[in-house]
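To start, the structure under review is shown below, and the notes come after it.
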Amino acid sequence: DSVKLQLQWVTQAQFAGYYVAKDKGYYTDENLDVEILPGGPDIAPPQVLAGGGADAMLNWMPSALAAREKGLPVVNIAQPFKTSGLMLTCWKDTGITGPQDFKGKTIGVWFFGNEYPFLSWMSKEGIKTDGGPDGVTVLKQGFNVDPLLQRQADCISTMTYNEYGQVLDAGVKEDELITFKYEDMGVATLEDGIYVLEDNLKDPAFADKMVRFVRASMKGWKYAEEHPDEAAGIVLDNDATGAQTEAHQVRMMGEIAKLTAGSNGALDEADYQRTVDTLLGGGSDPVISKQPEGAWTHQITDEALK
Amino acid sequence: MSVIEARGLNLTFQTNDGPVHALKDVNLSIDRGEFVSFIGPSGCGKTTFLRCIAALEQPTGGSLTVNGVSPEEARRARAYGYVFQAAGLYPWRTIAGNIKLPLEIMGFARDEQERRVNDVLQLVDLAGFGKKYPWQLSGGMQQRASIARALAFDADILLMDEPFGALDEIVRDHLNEQLLKLWARTNKTIGFVTHSIPEAVYLSTKIVVMSPRPGRITDVIDSPLPSERPLDIRDSAEFIEIAHRVREGLRAGHVDE
Amino acid sequence: MSVIEARGLNLTFQTNDGPVHALKDVNLSIDRGEFVSFIGPSGCGKTTFLRCIAALEQPTGGSLTVNGVSPEEARRARAYGYVFQAAGLYPWRTIAGNIKLPLEIMGFARDEQERRVNDVLQLVDLAGFGKKYPWQLSGGMQQRASIARALAFDADILLMDEPFGALDEIVRDHLNEQLLKLWARTNKTIGFVTHSIPEAVYLSTKIVVMSPRPGRITDVIDSPLPSERPLDIRDSAEFIEIAHRVREGLRAGHVDE
Amino acid sequence: MTLAFAALLVWILGWAVNGWLARGPMANTPLVRLAVPLIFGLTILGVWELVVRGLNVPLVILPAPSLIAARFAGSLPVLWEDFSQTILKGALSGYVIGCGAAFLMAILVDRSDFLRRGLLPVGNFVAALPIVGTAPILVMWFGFDWQSKAAVVVVMVFFPMLVNTVAGLREATQMQRDLMQTYGASYWQGLVKLRLPAAMPFIFNGLKISTTLALIGAIVAEFFGSPTVGMGFRISTSVGQLALDMVWAEIVVAAIAGSVFYGIVALAEKTVTFWHPSQRR
Amino acid sequence: MRSLVAVLTVVAALVVVWYLACIPMNIAGVLVEAERAGATVTPTDGAERRATSGIVLAAKNSFAIPATWAQERPRLPAPDQVVNELWKTTVGMNITSKRSLVYHAWVTLSATLLGFAIGTGLGILLAVGIVHSRVMDMSVMPWAIVSQTIPIIALAPMIIVVLYSVGMQGIVPKAVISAYLSFFPVVVGMVKGLRSPDAMQLDLLRTYNASSAQGFWKLRLPASMPYLFASLKIGISASLVGAIVGELPTGAVAGLGARLLAGSYYGQTVQIWSALFGAAILAACLVGLLGLIERALLARMGMAR
């Protein structure tokens, strides 16, 4: 059986589990032929899913829930990432010590579905994001950490496993920075879950396919956690751009392992509820307007983890 | 027998500034084998009349027959060879290729094409230039090639719209002489537009003088000159007299410029 | 006193196909108030010679003086009115605007400009057409406007390169007559290129016959015709004789076409 | 399925009406000249609407025109804000700076044959640098606000404008130049009275090409970093939010703005180069 | 020959300007690095430095100037860095390697050529329709202009998703985008070209009673060739841009666009610039190639003088 998986971003260690599963033959063992479609800027995985270009996608839960509200019934069938890696990294010399100091500062944020956690957090803190004097000025941050390095922004969004390392790579010392983990701020939302279309799930053949897919993928993840260097190597082999460096991927794999640790693939309901609460708490401009129904299921993981 | 027969021909163009009466009440009959020149000031409808004969323009009134049928039918029967003011050779074809063009369109056999191209090249004194491109030839030679093109498919009627307008006097004299010889040999019917009085008088058996606004025929002069015409016939008293009559006719229609 | 004086003038163009000898050993002197026509087959260097006089082309040998100084200096002193073969009016200016152009450049006062424009428009029979754009006028009228433009600033020397080439015979006759009158009135020195033998003979006090490859003067004919010349002087025996001599001179240089 | 069939009917009908209009006696009146493309556009919209509804195309793939229109009408303030950020600030200022600089440069270049020979090939090379590569660099240099968008537009319009203007300045015929020479005109007189007017059709050609480039440049540059306003920003974030109706509403704004901008330049061209044969019909 | 000298002079001048520009552009970054390495820089205070212009900084810290041309991640890489990178990733590497720019250029090129072929074919067909049908002329032409005001990069992800949903992946979506960009110049040029024969040439064919197919093959098509090539040259560079644009959302798998993206993602300025120049060089080669074909074809047709 063939499965197409749409990633959220370009090939990198963030998706190591899937590449490892493919490389190590875990998918073949399950009688699956998996094609991994790398993502990129401006391509929305839910859209690909809706168009039938993929069977499953990886997505952050806020974006998936928003899509659900927009009438695209996507369902979380597995959640390999337990912990959020999202952070806000600021220059210390701007005088920022806590969220209350953000007022009047310029902050780089990723959009394209990744802005939801930030907006929720700000509305929880009661900070406006319209650029006024008692709010923050939001920039749509590009793909890299230049806005911070060039001082175009006081803070930028970073992932523990990627951009933060890039900032350090640029020669910045950790004590020059101050970092806010969303996890620590209590506004963490679930990242990198596996989603499929609700209708498809009713088809037993498809459900069975997903069971095998999740099972093999989790096997890949656990292998990757234990053998980060080898996993990074596999990712590098699969990178068609030839632009990734080994050191970078090895470090990323190390950080990713921390995030996937503690997840067996099944969604933790408490995490889910915290995500939903964070998003619903979005004040005047909430990401989702009502408690979602049926946005996740244990149907697959129950079967897969038997 | 009259080859071209116009009766009360009218043609009005609808333009933004209102209608233009390009031809008004034109009556003319041309016999087989005649050489008819059309002369008149700019805008008097010479070109328009020639285009009507060749069915490139639709008269708005009157009747016009060619070989007893409508111009349209005559065109379908490929009765015309038309030579435009500029040579109008296709720059991407050699001289031979240009002459071959109508033959290809009319579906002549390949070896027949070759034969005819060689024949007409000879006829206009361009043998050996077939492989050249138009821009490698002088203006006079190009004009001869364009005449050859019109001759190649042996149309009954040759219509020429100021074919020598752009050439200098000496080349023009030379081509006039050659055209006369050709006409004598092939006995085609020729309609010929010109601005030059000596040219008209030298070439024609019949000179049609036209005048503008509205375009109409003011005089038709049958030439008494012999069919054998050396170039210096132009210094003869007879010639000068006809030229004088043409000039008077022209001047009459030219009061307003 | 001679206004234009050429001694052993040579001009060779360097082209991709090797040098072209456009002018070879040209000797000519033109007196004040003369009307000199240049006639010759295409490519014999008529235009080139005129351009040398107006300092638009640099001779490669020999000497050429205008009013005793170099053509370059004469040009700076604004000695020339030049009329090109095509009217060459600027399409974005009205007729009046076109005539005003040299006046603006030479810094005439505004009311002086108006006055002169009106004068020359009158002179060439275009009064009332000043506000029209060039494309709204017939070819003949455009050509007259371009002559008016050359006259407006009262240059000593008028150089005209086939100004009437594109016009029909009647309009041409008319303009020829007017040009002669103008010349008689203003007593300018005129250099005039033409392809037409009657035109050259009718207008000139001196006819320069040229021949090509290399471009050189083959004959200089001083006209014995009186300065008062009605149009029908062209039927006189004297006229025909000069025309004949010009034609012979031309034919001699024309063997190869 | 019936709706899809209706779409086919609408298509045939629209085409037939246009055929009748275009061949009819009124074909050259301004009214018909305007009506025919409009009918064609409406036909396409009708077909689109019917096909989307008939085949149940998911909203997140392609919204129906009626939805787009509703979103357009409902989001006017946002659309206006985006429009003024991207078009009025980014595109227009870049357009003016870029075209102006190119114009001055062209006059400089035109004075020296050496510069012209040297600069134009290099210019063509630089013009071939793809915008998706230059935009991030310029955003890095000029910051996130409209200034960097203007910079992208400058880079995009500079060379087309330069090439056209230089070609235009050489457009005056030899005869027209010679005429100036016989008057002993100075360089500036020749430039102002001859070469600039003669160059106008080319200059306007460059200006027209630049209008669409300016628009596209400003919008695309916003994909590589922007404040939270602007058409490019809205398009890219709306795709992420699967608000496809908003995306299309912005595209409609872009198309209208582009057509109007183009139309204004074309109108200016018509008045300035009224004398050119192509404008005279 | 004279042109070559002129071009080289201009290029040399640009390179000098470029090197000079590197100094103020990169000096701030260099000084930060120098400070970390233990050097003393003026002014010592980071905040004050940020407020000082690059030129002043360079003047006060002239020792750091050479370093502005050799930074690892400069704001503006020096020309030799770019050339080095280009050399390293083209000549210096096996062309089948994913790190070779030649490999990526080939990926982009294949999409470009396919898109160019589609766009050109479509453009020519449309032009033929417009020239032969008044209805098409009046209704399609204005919309063709409007279509060019739509920012393609906004449509690109959607085009790709739509094509995904009908099962097309890989080269085709990119080619479609590149075709979208290249068809317009071809339509405009070709319409102009097919209409270039004057009334006289058309009338000539009428006197032969030629069919409109004969008129097309024997007159309109050959007459349009110079126009076609002029617009093909514009079209092929547009195609290349289209292919690169199409590579961004398709997941940056491979190709020059992917290189640009990856370079941008990881802040590898030198890599961005070399990909950028790679693209421009590719465009120049394609245009040059078309120029050669044009010369050969027109020479065969006798239209080159």
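The letters A, B, C, D and E name the chains in turn, as written, and every chain counts its residues from 1.
Methods note: a residue touches a chain if its C-beta (ideal position, glycine included) is under 8 Å from a C-beta of that chain, and two chains touch if they have at least 3 such contacts.
All figures in this text were calculated on a predicted structure; none of them were measured in a lab.
Asks: Treat touching chains as neighbours and tell me the shortest step distance from chain A to chain E.
Replies: Between chain A and chain E, the shortest chain-hopping route counts 1.
Asks: Find the two chains joined by the most C-beta pairs in contact, please.
Replies: Maximum number of inter-chain contact pairs occurs for D-E.
Asks: Tell me which chain's centre, taken as the mean of its C-alpha atoms, is farthest from chain B.
Replies: It is A.
Asks: Starting from the mean Cα coordinates of chain C and chain E, work out the distance between those two points in Å.
Replies: Roughly 53 Å separates the two chain centres.
Asks: I'd like the Å distance between the centres of chain B and chain D, where a centre is the mean of that chain's Cα atoms.
Replies: Each chain reduced to its C-alpha mean, chain B and chain D end up 50 Å apart.
Asks: What is the distance, in whole Å, between the centres of chain A and chain C, each centre taken as the mean of its C-alpha atoms?
Replies: It comes to 85 Å between the two C-alpha centres.
Asks: Find the geometric centre of each of chain A and chain D from their Cα atoms only, then give the gap between the two centres in Å, rounded to an integer.
Replies: 38
Asks: Residue numbers in chain D touching 2 or more other chains?
Replies: Within chain D, residues 61, 136, 140, 223-224, 236, 239 contact more than one other chain.
Asks: When you check chain A against every other chain, which residues touch at least two of them?
Replies: Touching at least two other chains: 41-42, 44, 47, 50-51, 142-143, 146, 150.
Asks: Considering every pair of chains, which are in touch?
Replies: A-D, A-E, B-C, B-E, C-D, D-E
Asks: How about chain E: which of its residues touch chain D in the complex?
Replies: Per the stated touch rule, the residues are 2-3, 6-11, 14, 25, 75-76, 134-135, 137-143, 145-146, 148-155, 157-158, 161-162, 165, 237, 240-241, 244-245, 248, 256-257, 260, 264, 269, 272-273, 275-277, 279-280, 283-284, 287.
Asks: Give the list of chain D residues in touch with chain E in this complex.
Replies: 15, 18-19, 22-23, 27, 32-33, 36-37, 39-41, 44, 61-62, 114-119, 121-122, 124-134, 136-137, 140-141, 212, 215-216, 219-220, 223-224, 232, 235-236, 239, 244, 247, 250-251, 254-255, 257-259, 261-262
Asks: Where on chain C is chain B touching in the complex?
Replies: Per the stated touch rule, the residues are 41-42, 138-140, 167-171, 174, 195-197, 235, 240, 244, 250-251, 254, 257.
Asks: Would you mind writing out the residues of chain E in touch with chain B in their complex?
Replies: Contacts found on chain E: 200-201, 203-210, 214, 218-219, 222-223, 225, 301-303, 305.
Asks: Using the touch definition up top, name the residues of chain D that touch chain A in the complex.
Replies: Touch list, chain D to chain A: 58-61, 136, 139-140, 143-144, 222-228, 233, 236-237, 239-243.
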